[in-house]
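The structure appears right after this line, and notes come after that.
Order of writing sets the chain letters: A, B, C, D, E and F. Residues in each chain are counted from 1.
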Amino acid sequence: MRRAPARKPRASRARAMKTPSRVRRLTHVDPAGRSRMVDVSAKAATARVAVARAEIRMQPATLALVRANQVAKGDVLTLAQVAGVMAAKRTAELIPLCHPLPLTDVAVRVQPDERLPGVTVEAVARTVAQTGVEMEALVAAATAALTVYDMCKAADREMTIDRVRLVYKHGGRSGEFRRSGESGSWRP
Amino acid sequence: MRRAPARKPRASRARAMKTPSRVRRLTHVDPAGRSRMVDVSAKAATARVAVARAEIRMQPATLALVRANQVAKGDVLTLAQVAGVMAAKRTAELIPLCHPLPLTDVAVRVQPDERLPGVTVEAVARTVAQTGVEMEALVAAATAALTVYDMCKAADREMTIDRVRLVYKHGGRSGEFRRSGESGSWRP
Amino acid sequence: MRRAPARKPRASRARAMKTPSRVRRLTHVDPAGRSRMVDVSAKAATARVAVARAEIRMQPATLALVRANQVAKGDVLTLAQVAGVMAAKRTAELIPLCHPLPLTDVAVRVQPDERLPGVTVEAVARTVAQTGVEMEALVAAATAALTVYDMCKAADREMTIDRVRLVYKHGGRSGEFRRSGESGSWRP
Amino acid sequence: MRRAPARKPRASRARAMKTPSRVRRLTHVDPAGRSRMVDVSAKAATARVAVARAEIRMQPATLALVRANQVAKGDVLTLAQVAGVMAAKRTAELIPLCHPLPLTDVAVRVQPDERLPGVTVEAVARTVAQTGVEMEALVAAATAALTVYDMCKAADREMTIDRVRLVYKHGGRSGEFRRSGESGSWRP
Amino acid sequence: MRRAPARKPRASRARAMKTPSRVRRLTHVDPAGRSRMVDVSAKAATARVAVARAEIRMQPATLALVRANQVAKGDVLTLAQVAGVMAAKRTAELIPLCHPLPLTDVAVRVQPDERLPGVTVEAVARTVAQTGVEMEALVAAATAALTVYDMCKAADREMTIDRVRLVYKHGGRSGEFRRSGESGSWRP
Amino acid sequence: MRRAPARKPRASRARAMKTPSRVRRLTHVDPAGRSRMVDVSAKAATARVAVARAEIRMQPATLALVRANQVAKGDVLTLAQVAGVMAAKRTAELIPLCHPLPLTDVAVRVQPDERLPGVTVEAVARTVAQTGVEMEALVAAATAALTVYDMCKAADREMTIDRVRLVYKHGGRSGEFRRSGESGSWRP
């Protein structure tokens, strides 16, 4: 039986609560309440990595179609991967207050998962810059999932994209973040 | 207590099963198994509408920050709405096999929802064209949600984007789709 | 002697005042005060044209540089023209609530004007669509002017772009608009 | 009574005249008269900031509409601010010979000004790079102004965008520029 | 001495010579010698198709690498195909005087060819519009070829992209064009 | 029978064969055969330059038209140059696995060549980054050539773009590359 996108487990919540109060605010809002980009001019460029995940739930018959197609060229999963990589590079065009970043690496993995049933997405983004690449990883994961939706929608309009989330982040002042309850290991 | 992004209710599944078998295939794959755009040259341009929804789950304290900011100019919710509208217009650049479409309308509504707790997104897209605007509505909803994530992430890295889904579609050969279990009424 | 970007002459103001009251509102704002694209799905596609103008004021010595360069290939004025045409095609990416339109024509003319002293820009945009091309013409004119600024800025940082304005518009429900005090004739 | 976008005051002109003669040329033109990007490969990356301003003149009744809308979500001024920020990030796509830059900050402020009557725009751009961000600030200011035009044009077609200008610049070989007659202080 | 990519065979030349003299001019140049978009406002929207081809020549060992990779997911050839399709949709952004078109179909086929040795590309583009899709097909073919270059360049820097050419075109006033010496049949 | 764009001369082949075997693989493919960006996070940013060339063959009468137009403003060759420069800046959007790079210089030269007969293109790209700019130079050269095609196509549909190739590269771990049989000298 499928488990629902679970609430964050207790441990994770506890840690989040311990986040120093100074960051418990909206950094994209200036003292006058006006939204703005965060000024990172004075920060040093350091190596950054972020990993995001997402999943697309679908009917078992739809997943069977994806699997059957998988042996062919230009299959659903490959196109979703390419779309994710390319979207990561355009994050700053899509997310209004994101900084444009010289990405040094993007990799997206899309694979079938019978337990959902559906498809899971994992996206890794890296840079050496003054700010992090969380949004790049999340945009890659979401776009890969949307591409799967596009290619399967004639067969199954009720697919759902779920649990688009950051699972790992390293680098920068806020240090390392590791979402609890997620498997996998990433090198900084 | 929050209910999880539920499995599609039985009625909905049943209907989906009745989908004529001819569409139970991947339309973006040619006989040789190669992915390709669907050729819509011979289809008539007709009025189309699609409605998509998404939600971002967050800690209650994060939602409180969003609500507090809401009275200010350029708040989180407004920026998410703008980002959604602008992303819809670039759907064909993001989703590899999507047709470029002359959108005649895009509207995105982003609002706080204490029950999640978090924020809900609804995006409506319209065109008069040879193919539908499901992807435009879904891209708008997902991008609006990602923008909320971006603007709140310093306060809460564990937010999750869930239930990105098509809830309504009208126009074109496949007729009307109305996802069961969704409230709201849309004019064709 | 140069005359400053003048206030609109009295006659023009008078006419504007007679604009029927039903359009004296912000069409991009819904009843709840939320900004949105204008839904043009139900409108017929008709031929539209719009003409916009702008000017860049500069020191006489800067204009002399532009003129001297004019005989060369890839001169300032030509690059400004190309930039204006290309920007017009991307109007819907830049202006949040603009509809994407299949432009059928864009032409930009950039020429020196000793009386400013400086450079004048005129941009014409055409389409056959459900909505007008005023913004396309204005974006073309403004971008052409910005390109002149870019190419001359090492010589003159105090240049000013002025009087970016719509001078003519034809087609659509609101009919013809002809800004008073502007010379030139355009065919609908 | 409002004075028109004035000629640059005498003092400013005088200073500009003192600009060393070596920069009194078109840097984007090669010895053969062919336009080209300026090669900045050998320059060091240093902190840069630029501030640009613009204004949109409109009828008093139009400004009243903008003000009335201002209390709502997604109002004209907020959308103009977002559009300005997003356009700054795409400057190198619009201005043919601009270098692509990793912007570290963009902020745009759009506010009503009864004296014009109309709306004023101020845009700040920052980077740490081999070349300056004047064009990014100017593109942001111009696009914010164009967005105001778009959202108010059904009420007032005769609005004019005026005085798009650089008011401050710091960083790089050419040092600091401060346009005379402009109020405001910016930190390098 | 270098041998050139062969002149077009005699038959083809002969036909081209018969092209009516009225089109023997540069349509993108106005009477004043200024480049401009062709105004297609008054033309009827009709079905259009264009087919372009290109080839990438490489060392036999490089082609062997491509072939070996071909059985894997996300191989060189698939990525080149996706890149070609996506580039076709952005033709009007790349080619200054191209009209933006609502493409109804794009398909790209990339396959190894031992005789070159190398890889051949074929791109088909369709629309229902006032102007043709030759440039869309050519941009798709060229970008697919460039993508092959990118993915193989660490192994072979001396690859060459050759014979990027239009092989078929149908629709519009100028009727059908079929390049002589090319195999293949396309439906209008 | 068609004669092919000639094989690379023997000397060039010989050198290529000496390329160390470790680079004789597809760097964009991971151990699982999945395509991916090359991770350059750990590489130092160094100065890079790349030079690419291309040629467009056309009928003598077409070249005469290009030459006649050359004296006018906004001529074919100038537009092709601008298009090449602008396309170079968008390489990472077009080529799926290319890194986005802060280009420090792009220059494109397009000139008539009676011997082809046709037009030759040379594009130079520079950056200070963790990876090279070969693709930027190639994209610039190819797009400039495609722009010539676009502007002359009404006069000559049988033009061919040939020999799009890298002729020089400097910087980075793989050192200098100089294609044999090419004239010209470039400074690193």
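The rule is simple: a residue touches a chain if its C-beta (ideal position, glycine included) is under 8 Å from a C-beta of that chain, and two chains touch if they have at least 3 such contacts.
These numbers were taken from a predicted model, which means no experiment stands behind them.
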Show which chains lie in contact with chain A and also with chain C.
-> B, D, E, F
Most remote chain, CA-based centroid, reference being chain C | A
So which one's got more C-beta contacts, B-C or C-D?
-> C-D
State, to the nearest whole Å, the distance from the C-alpha centre of chain B to the C-alpha centre of chain E.
-> 34
Provide the C-alpha centroid distance between chain A and chain B, rounded to the nearest whole angstrom.
-> 17
Separation of mean Cα positions, chain F and chain B [Å, integer] = 40
Could you tell me which residues belong to chain C and also touch two or more other chains?
-> 34-36, 73-75, 78-79, 81-83, 86, 90, 93, 96-97, 100-102
One finds touching chains in the pairs A-B, A-D, A-E, A-F, B-C, B-D, B-E, C-D, C-E, C-F, D-F, E-F
Quick one: which bits of chain C touch chain D in the complex? Just the residue numbers, please.
-> 2, 4-8, 12-13, 16, 19, 23-29, 32-36, 54, 59, 61, 65-66, 69, 71-76, 78-79, 82-83, 86-87, 90, 93-98, 134-135, 138-139, 142-143, 145-147, 149-166, 169, 174, 177, 179
Under the touch definition given earlier, write down the residues of chain D that touch chain B in their complex.
-> 70, 73-75, 77-79, 81-83, 86
Spell out the residues on chain E that touch chain C in their complex, using ranges where they run on.
-> 30, 34-43, 92-93, 96-97, 99-102, 129-130
Okay, in this complex, where on chain E does chain B touch?
-> 47, 49, 78, 81-82, 85-86, 89-90, 100-107, 109, 126-128
